[in-house]
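Worksheet for the structure shown next.
Going by the order they are written in, the chains are A, B, C and D; count residues from 1 in each one.
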Amino acid sequence: MNPGPIEFASLSVIALLVAALLTPLFSRRQRLLIACCFGLTAAASLLAVVAGAWTVSRGNAEKIVMLIGLPDLPFHLRLDPLAGFFLVVIGLLSLFVSVYSIGYVKGFLGKRSVTSLAVFYCLFLAGMYMVVLSDDALIFLISWEVMAAASYFLVIFEDERIENRRAAFLYMVVAHVGAIAILLSFGVLAGLASGFGSFDGYTFDAMRSASFPIGGATAAFLLAFFGFAAKAGVIPLHVWLPEAHPVAPSNVSALMSGVMLKTAIYGVIRITFDLIRVFPWWWGAIVLVFGLLSAVMGVLYALMQNDLKRLLAYSSVENIGIIFIGVGLAMIFTSFKLPLLAALALTTGIYHVLNHAMFKGLLFMGAGAVLHATHERNMEEMGGLIHQMPWTAALFLIGCVSISAMPPFNGFVSEWLTFQAFLLSPSLPSPLLKLLIPMGAALLALTGALAAACFVKAFGVTFLGHWRGHHRPKVQEADWPMRVGMIMAATACLLLGILPTLAIGWMDAVPQQLIGTSLGTSAGAFGWMWLTPVAYERASYSGPIVFFGILAIVIAAYLLLHVRPGTIRRVPIWDCGFEKIDRRMQYNATSFAMPIRRIFGFLFNVKERVRISRRTAHRAFPARLYYSLHVRDRVWGWLYKPVIRASFWGARKVGRLQQGRIQAYLIYSFVTIIVLLVFLR
Amino acid sequence: MNLAVAAQIISFLAALVLLCAFGMLVQRRMYGLIHLFAWQGLFLSISTAVVGFVAGKHHLYISSLLTLSLKVFLLPYILHVLIQRLKIQKEVETVVNVPMTMLIGIALVIFSYHLTAPVREISTLVTRSVLAIALATVMIGLLMMITRRHAVTQIIGFLAMENGLFFAATSATYGMPLVVELGVALDVLIAAFIFGIFFFHIHTTFDSLDVEQMARLKEGD
Amino acid sequence: MNLYPFAMEILQVLILLVVGPVFVGWVRVLKCWAQGRSSAGLFQPYRDLRKLFSKDVVLAENASWIFRFTPYLVFGTAVLAGGIIPILSTDLPLGATADVIVLVALFAIARFFTALAGLDIGTAFGGMGSSREMTIASLAEPAMLMAIFTMSLASRSTSLSHMAQLVMSGQSVMRPSVLFALLAFILITLAETGRIPVDNPATHLELTMIHEAMILEYSGRHLALIEWASMMKLFLFTSLGIAVFAPWGIASSADLIAVGAAFFFMLLKLGVVGAGLVLIETGLAKMRLFRLTEFLGSAFLLATLGMLSYFILE
Amino acid sequence: MMLLILLGVPLFASVVLAFVGDRRYAPEINILGSVLNFAAGLGLAFQVYLQGPSLAGGKFFFVDAFNVYLAVLTSFVSMTTAVFSRRYMRREREHGRVGHLGMRFYHAMFQVFIFAMLLCLLTNNVGVLWIAMELATLSTVLLVSLYRTPTAIEAAWKYFILCGVGIAQALFGTVLLYFAAEKVLGEGGDALLWTNLSLVSDKLEPTVLSLAFVFLMVGYGTKVGLVPLHNWLPDAHSEGPTPISAVLSGLLLNVALYALVRCKVLVDGSTGTHHAGDIMMGFGLLSILVAAFSLLRQKDIKRMFSYSSIEHMGIATFAFGLGGPIATFGGLLHMLVHSLAKSSIFFTVGHASQMHRTQEMDRIRGLIKGNPLVGWGLMFGVMAIAGMPPFGVFTSEFLILTATIKDAPLLTPFLLLGLGVAFAALYRKVQPMVAGEVPSYQKPMTVANLPVLLHMALVLLIGVYMPHFLNQWFHTAVELLK
């Protein structure tokens, strides 16, 4: 038998599981453990990438059935282009992050045992691969929850900190509630697919071959969307995300933000396009609206953050929103039978999946390097790191530029394609959608611009200027494995930005599988240099020319200006004659975001307090000034707090049942009997 | 003895059993309770014997003897001894709202009658009308456990329920199979030992047998 | 291989480099006339640039490579944009490189790095400028895109050449959506190019400056590049507006006369636009920073109205 | 034959242990008895696997697909509990919480309890079932009050009275059942045999049987711990010695549910309606909700897990009430995996509370660092019990929930609510206990590894790979319970 892609993928999963089992044996040799474990995960990830890429380029599906699980419901695995694509996304970033981890995890040596980190890291990766590979409801949910549980243990890794525990708890609860919703959704589908006389309905194949009544399908979709949205961090279910992602070890944050969230996207695509297949347009509208909401609110919240990793986490909310915009548009186009447009929209969505995985992974790795070097997450305490950490700074900058959707990097390509998809909405037959969808384009534009502001802040405050903190740690550049991990991700960002045509041509198998149409004929029509979705006349973009054009002009200008040797004089910064200028006077994260906070303040729960110390001769010359600012998510107060309150209220009420007196308990039985008898008569 | 007479006798005994149950419901004194319980057991035993005689079921004699020895002599004796040992013979329990309790008891009798109607219709036994009384006795035993707060009273209520069940078994079906009867008797016996031990434990721990004190285990605020 | 398009491309870039400063000079001259001052002449910007190029560079100790790289990048994006916007001809080889969205993104990347450079030296001014610039940009960009989308809805294309050709072919003359979009575009151009009432290019007063605050630490050739680029930016935005809203005259065939005519029309239009700009700048006062929300908000509103009117009225 | 050995071993062991008393090797004898018992259980399972259901002791005992796995489970959990209790009870003895007499009593009664449960499961006679159930209660009542603290006595008293009253109702129900059966099968012992009753269930008088079901439901439901008859359960489970809590939660509840389900089959056969199922669903749902919300505010660790038992019994009851092949399958599986997981949790909880000398959750901290086995064991146990894959509880909940969607879609929000709240409540409490730094007052100690590891391994195994024979039994049982 020739091993095919799915054997490769399974092998990768098995390798990870074996690694997870064996790792505890090495717990006494921590250094060896790090090298072996993360080396092995890197190899396994590479294997997964190969399997995925192979499948996508072959464009067909392979299945195997493993004879474990329930005897009546063995585990079904399937590797089709959609799964293959996500396998590549997950595998690619896992590869980078695994390499990075070899350096990063060493930072924990001497402080705590990294055994559990290594074990759950392996399980986490295995879980993600399995989610993508699974082809029946049971194995899907098992993988889904293994992924959630493993990441939970990774979040709680540094468990002595209360914030980690709190975040992990919140994460776990939201994830589990979401998982139950997904479970119920599968329940609906399985029930409609084959009834409950047998276990057959649980396989995806049965669901694919069934046709669902609209009511049941809608229930299934809404449940699934709720569950997946909770996992993806779609506003308003996102609250766990900015808590959990920052406190996890940075390599894990990179994976969680970069690829774990994508499994939720995968789930939505799988359920709507592959399992249900026929759906009304307003499903897409729901996805679109939540996508827009997440995009705008996510970036605004990101702008308000002072914690570097928290900022990145909120930015993930934004990007998930952008992805859902693409998916939602694809759903709308599909339901109106516009396959070409749907293919375009879907491609934008999944291309952004890939892109976001790359740059968000890169950014989290960069933030991890900073954290590793400074032991600081608060940007207010940072600054000027570009001098001590030139590599990290440059790579982080690439990430920032990519995520801000600037050409010639990859973030721009997917955003550009999303705009193109938006601009195709006039082809829709529904007048209402025609009017409303362009508004979405405006919101997307707003998101992009705000993201740029956000990452100017992130990069500028962290790496530029002077050190803002009170005490100055000795900062060292990240070591080579970490750098290599980041360099690979940065290279991917650049390549995906300047060669989108190749990437999209390769990805065409996915829309081909799900919608039946591919972009291939139109997108790559003018060769690899030109990206022309739909038609040449509509729009075109050439990444290579933009990149090399700018590069050429910059180099030309530089050379021209350096023909005549000029000197550069280094002087202290100009202080306008003030003389007492110090580094605490720089703009910091809070002040940078101030104008935007003013403008969009109504969206946040802002508590700003200024207090002037009493011990002063005159009010105009205070000895001390105290300023405090709290920007909170309104969603917490609107959605989560009431739920928590209601639960405890319920708990108090229920607690009254158990009030201690035995007579009362006897009365319960007595009344129960009477009630039952009365009802039965 | 012809069937009609037997039925009358059994009905009469059933009435006495019910009366004892009501008596126990409102009896405040320990000894009074034990005596009432013993009387109830006696009526039960006689009734079982009569049924056995009428129906020609000889294993019912054994049941009758069991009841006699266990519920008329042994259990009252054990209770008696316990009360003396624990020096609580003088204790008088407050019973709240006697009329109300009685009313509920009567309501229970009516309810039981109503409930057992279908059984009565199906049954061909002479004892069929007694089933309502048996159920009522069970219910009143439960009611007694609810209204009283003394451990001994609760146990007596529990045993009264047991009587009611036994009565039900004889009246509805001329008694359960012998194995079951014996097993039930064994269980009651073990239970008797256990509550004996309990009385001591409770008394030494709480200094009284008032179960109101035992309300620590609850969902506090 | 037809060399004409490439010649056109080179010509356009040259025009950009040359006419950019002249256009700024023209605006300044007009402004002086309007305000009753005597002007420094049409070519003063050249003299400024030459002076700056010949000076040595003074750098803050803390400046990193970003600070030094930014001027080149800003200059580079401006030049590249000049090769994309149909200034003289719609038949540009680079025209397909980028559509209007890419163009906006090119300006965005220049702004991104300028803002970083502002933060790089670590002064309060630099940070302030960056913060304000990014704030304004984040409001202006969506409005800008909306305005352009309104136009591209009609032409079913975001490619500038196609849009211009379509307008020239006369299919869409004087439509309500165009009017709204044009108004919005003007407002945004004022914001994007840092003109009154959003910013004042002529002042270095800390409370008001935005763009100037970011580049306050630049000197010598770096400053020259940035100044030149910002002059080109004004020119580019004007050309962009012309290409989208009033492309008449731009050559669409390989014809020397047409190109000559296009050049003439271009100068004519620039003259008119300059006059309009001066009217606005003289007639209005600089706004407070937080009133800009309303300003840009109304630009966004206008653009949205344009889009709605496209669907409702056309 | 195996069947009789299975019943005989614990009885014999209890007699021996009653004589051995508090000697040093008593725990080992206890273990030996349990191991033999488990071996007999395995033998029985093997026999059933090869030959199918059978009768023994002159129709007096029987074994089929439904009770065989519960019997093996009972003997297995009792064995691991015996292993666990060796160390545990020794330490309690050293701490002076249990006296000389107490130990003798503990060991003897432990075996009696096992005997009672096995008798419940294996007897063919409804009456004997009742007797055995009562015996199971009585044998544990004094174990619950073993520590003689005021709360322990209170708990035991409540247990005694409430279960006594409850079981009395079950007897009434049994009488009514016999009354109905007698009409069809004639007088005598045969009329109470399952094997006969199930054959003629459609001929039994429906009105009588539905009346009987109410009493059986309330009676056995009290023992299952269904809300609102559950009040004894948290008290008894939290105040007794931990091994007893483990078997109470892990086994006794199952046995009671077994009895209930058997009765339900008869009633369903007789009435031909789904009323009995509806009643069970109602009780199940109420239990899930009340237990879930009660979990939120617990302070005592064992009390919390006993509420969790109520919740899970609610789920299983709900599943059986729902009926249908998938839900019933899920319910059967749920009984198995819950029992394994819950007893494992109680083992770790026992160690944890001994390490800290308290059952208050606020004082238990840093378990993973203090003792990895206890910490991770508790963590994974809770994961399992909270329905996280890949543990077996997830599989059963998956089947039950998906089946609910089909048959009672309107109830799913309540299930979702209950499961969600229970999950959050458990994690809220467990996470601080296992994570974080070791507190100063935590005492290191050696723990019994084997029971926890064995249980968790089994739960995991069932989650990812259910053995074929188990599947076979469940399917046969589903047929039986249809």
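Simple rule for what comes next: a contact is a pair of C-beta atoms (placed from the backbone, for glycine too) under 8 Å apart; a residue touches a chain by one contact, two chains touch by 3 or more.
Model, not experiment: these values are computed from the prediction.
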Set of chains adjacent to chain A and to chain D: B
Comparison of A-C and A-B by number of C-beta pairs in contact, larger one: A-C
Separation of chain B from chain C, taking each centre as the mean of its C-alpha atoms, in whole Å: 100
Rounded Å distance, chain A centre to chain C centre (Cα mean): 35
Chain C and chain D, separation of their C-alpha mean positions in angstrom: 78
Approximate Å spacing (C-alpha centroids) for the pair chain A, chain B: 69
In chain D, residues with contacts to at least two other chains: 157-158, 161, 165, 169, 211, 234, 294, 297
Of all residues in chain B, the ones touching two or more other chains: 115, 142, 145, 154, 211, 214-217, 219
Residues of chain A engaged with two or more neighbouring chains: 652, 654-655, 657-658, 662, 666, 669, 677
Inter-chain touch pairs (all): A-B, A-C, A-D, B-D
Residue ranges of chain B touching chain D (in the complex, touch as defined): 115, 118-119, 122-123, 135, 138, 142, 145, 151, 154, 158, 161-162, 165, 168-169, 172-174, 176-180, 183-184, 186-187, 190-191, 194-195, 197-198, 201-202, 205-206, 211, 214-217, 219
For the chain A and chain D complex, residues of the former touching the latter: 68-72, 137-138, 141-146, 148-149, 156, 159-160, 165, 168-169, 172-173, 176-177, 180-181, 183-184, 186-188, 190-191, 195-199, 202, 219, 647-648, 650-655, 657-658, 662, 664-666, 668-669, 671-673, 676-677, 680
Chain C residues touching chain A - in the complex, by the definition given at the top: 53, 56-62, 64-66, 69, 72-73, 75-77, 79-80, 83, 94, 96-99, 101-102, 105-106, 108-109, 111-112, 115-116, 118-124, 126-128, 130-132, 134-135, 137-146, 149, 152-153, 156-159, 162, 216-217, 220-221, 225, 289-290, 293, 300, 303-304, 307-308, 311
Interface residues, chain D side, partner chain A - complex: 157-158, 161-162, 165-166, 169, 210-211, 214-215, 217-218, 222, 227-229, 231-232, 234, 275, 279, 289-290, 293-297, 324-327, 368, 383, 386-390, 394-395, 398, 401-407, 409, 412, 416, 419-421, 423-425, 427-428, 431-432, 435-437, 463-466, 468, 471
Partner chain B, residues of chain A touching it in the complex: 652, 654-663, 666-667, 669-670, 674, 677, 681
